[in-house]
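Both of the next two complexes hold chain A, though its partner changes from chain B to chain C.
Entry: the complex of A and B
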């Protein structure tokens, strides 16, 4: 993955600045007729191919970018994204085996952390994300992972179903993501205390829990990865769903590259989120299921939010007393 | 007999029979229970009350609209979307004409099919999430209710996965799930598709006679 950014940049460049063919006649003295023919077919000659067919790219017989993309997808994207996903899972497994999950002795008193609508939207987004992940992974890796096991006939069925499912659930992801963003952005704006939390790695390396507000630094990073990555997969996904929105093939290639990279980053980061939400920090999942968390959990992991809750409760209590 | 032949043949006829006979049996049982007579002097017309209740219950009671907004939106998106898909999706219209000998009508265009599917899916997911995450609806939901939601979701999902109409196994899978749903339908809370009318009529009639605003 060392030079992935070069490739993305090349695609971007190709989109904004279409390839300029070499000016003037070639000074190359090798006169292989076959090579000349293929140079012309590939559009490497000074004069572009001519055709009576009107339309963008209609004079292109062989699209070189298509071959570059094919190489990129097979040689780099599939291999390195596979490494990334397997690496993240291995690291999480290793961490869990060595460190185990963070656990707090419960007090038995519960406080409300997430409202019903927030939980519904979270699980809606999570459900759609999982469906897109499964179908997307089949589309991206299936040819290399599923096909050798299933054979071409079964894989054709799986791939067709995945494509239709992926296209169908894509727009739902956009809706869920926007809704999620509106509900949670206010509590995910960066604060100074988050930097301190990040320096201390959230207490995962020892030394107790650093102070955090409603969301800690790690959760905020995940929120913004989800937002920016989600925006990237959504925009590129819309282009891929509706290719008529752009002109030519290169924007579609760029959309595929952006879509793939953003999706893999999102999936890798989601593994971390899923681990911390279940095994990594015990009690977190309950908060997203019932909306309630234990007071001791709130104090240990989000002490600034917990203190704020207490202040509000005290203020309400004194207001009631004054009213009486 | 291959799986495809079984699903397209005997299982289809069995599902069709269970579906229609089961629904008829359930409705007959409800109606056969009879109407316990109300001996009090009617204050208003029971008939007006029953008609009013049938339609007024499509909107939430005053004061709770905002509180159940998500539930309401999900409900309408899912039910209207599902009806539109059932009646106007091109493959369904072709199926009714071919297998049920109904006259073919104008199906909705492909873009509308996709849009309606999206709305129906988001509606169903919102409804089911509300069912499991809302402590009240979770308490009053039975295993059968969850099974109905999951089965409906699988039927819709398999239908959309088979959208390319290029692979027979996907069509057979969708058809098989539809048949399972049809067999399950009369014995489940999915019967509310028919019984909601009886329930509203009965309630509206009773309230109407007593002069309670419906």
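Entry: the complex of A and C
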């Protein structure tokens, strides 16, 4: 430290002669005109811009949400929903390979589980759901999954048909969903027995099959996922289908984000439902096709409902005897 | 290789909308579609500025990133174009674009979107250069004719510049230097030429001293 005196002089100088801007006129009066102009361009000031051109958000110079939307779509939505869907499929596959589907020895006697109207509405909802899933997945992931295989010309046709089909059949989903809700909500209200069923994970942890009513806890959860998720995709879908309903572009971006997340949750849950309805629990699909299920199946999976059916049958037969 | 860019000089634009009209006429764009628009900030106040905006032909274009059908491409001149035969009119590019460039003709039922339309830097599209199909879908291909976009060529005050980015930048830099020099020559500090409107108290003080 031979030059320590330089530091002393520098420090002394700094105290005696402070920097010019600190001593000069107050800085808030001298604004950088470029920075202010830029703030106005970015829409950070309150004063709205104007334009002669009539159009959606035409008076907005810089769209503040643009980069967020790009980041959401490219870095988050496509990646994480891909993980979720692939994860659910792998889990189901693993479960099936390790555990296998549930099967009961048939008794040969059939009981009615679903009325004709209930079956029609179920398959209407399921059909529209599948159509919207396929077309929606093409729109969301097609660029990364289908396009490299098909080439742009073929994919243009598929994607265009998907978009038109998705927009056209979307409203039908709302009709089917509401109808389905009205038909099944009564049997899907939560009960105490469902909590017990869920704690036992439907018997998957061993210890036999826990008791369940007409619908078990898992089915009820799927029903409410479908209802709430369905409402989310429906409301956002109406906005996206009829863009004239909203002003500007931010409501549309918001609707698209809600639509995508809700749809991916629905699709992931529907994989579970489809597995359990077909391979997972044998005999279930028959109940939704013909409306009839085997008595043994009813006793094994929905014992409370089965007992109620028996009570009703006994009451009816005794009433008939009394009538005679 | 030239890299094409637009630049709008806010100090020169007088909001005449000549560029909007020139573009519509030259490219015969569909109803309800304006590939270019003039936006005015602080309209009627001190510090009013106007800017003419269209597609800015980004080097890393957000529209191309979010497109579900990957219909965008960048020409060797740096112009961002799209293929209307592939576009499905979903509107994602409009959500991602910082400048609101993508436009959609309402040609379906319930005002649904048609295929996207946007500024092509007067460079046509993927159809055969100079063909009738190219003109119908994308408008004039002036670059192929050795001309620049008509909006810039028509600009009366030369506020809107179009062309090779290096040339545009040089012209603008020259203007900035000249402006600074002229304001110094008139004895006015550059920073006093505030963009911001005069504060109320300052305005009343000036009026008082005059009266």
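The rule is short, and it goes like this: the second predicted complex is superposed on the first by the 268 of 324 C-alpha atoms of A that agree within 3 Å, B and C clash if a C-alpha of one lies under 4 Å from a C-alpha of the other, contacts with A are read in each partner's own complex, and residues count from 1 in each chain.
Just so we're on the same page, a residue touches a chain if its C-beta (ideal position, glycine included) is under 8 Å from a C-beta of that chain, and two chains touch if they have at least 3 such contacts.
What you see is a predicted model, and the numbers here were worked out from it, not measured in a lab.
Visitor: So, does A:165 touch the first partner chain B, the second partner chain C, both, or neither?
Guide: Touch status of A:165: first partner only.
Visitor: Scan A:143 for contacts with chain B and chain C and give back first, second, both or neither.
Guide: Touch status of A:143: second partner only.
Visitor: Contact-wise, after the overlay, does A:127 reach chain B, chain C, both or neither (first, second, both, neither)?
Guide: In the superposition, A:127 contacts chain B only.
Visitor: With both complexes overlaid on chain A, does A:318 touch chain B (first), chain C (second), both or neither?
Guide: After superposition on chain A, A:318 lies in contact with neither partner.
Visitor: Using the touch criterion from the header, give the chain among chain B and chain C with more contacted residues in chain A.
Guide: C
Visitor: In the overlaid three-chain picture, which partner chain does A:278 touch, first (chain B) or second (chain C), both, or neither?
Guide: In the superposed model, A:278 contacts neither chain B nor chain C.
Visitor: Where does A:107 make contact in the superposed view: on chain B (first), on chain C (second), on both, or on neither?
Guide: A:107 sits against neither chain B nor chain C.
Visitor: In the overlay, answer first, second, both or neither for which of chain B and chain C A:156 touches.
Guide: both
Visitor: After lining up the shared chain so the two structures overlap, which partner does A:256 touch, if you call chain B first and chain C second: first, second, both or neither?
Guide: second
Visitor: Once the two structures are fitted together, what part of chain A is touched by chain B and by chain C alike?
Guide: Residues common to the chain A contacts of chain C and of chain B are 156, 160, 163, listed in rising order.
Visitor: Per the contact definition, I'd like the list of chain A residues that touch chain B in the complex.
Guide: It is residues 116-117, 119-120, 123-124, 127-128, 156-157, 160-161, 163-165, 168-169, 171-172, 175, 289-291 of chain A that touch chain B.
Visitor: Using the touch definition up top, name the residues of chain C that touch chain A in the complex.
Guide: These residues of chain C touch chain A: 10, 17, 20, 32, 34, 37-43, 45, 47, 49, 51, 53, 62, 65-71, 83, 85-86, 88-92, 94-100, 103, 110-113, 190-191, 193-196.
Visitor: Which residues of chain A touch chain C in the complex?
Guide: 30-34, 36-37, 40-41, 47, 49-53, 55-63, 65-67, 69-70, 73-74, 139-140, 142-143, 147, 152-153, 155-156, 159-160, 162-163, 167, 241-244, 249, 252-253, 256
Visitor: Under the touch definition given earlier, write down the residues of chain B that touch chain A in their complex.
Guide: 70, 114, 117-118, 121-122, 125-126, 129-130, 133-135, 157, 160-164, 166-167, 169-170
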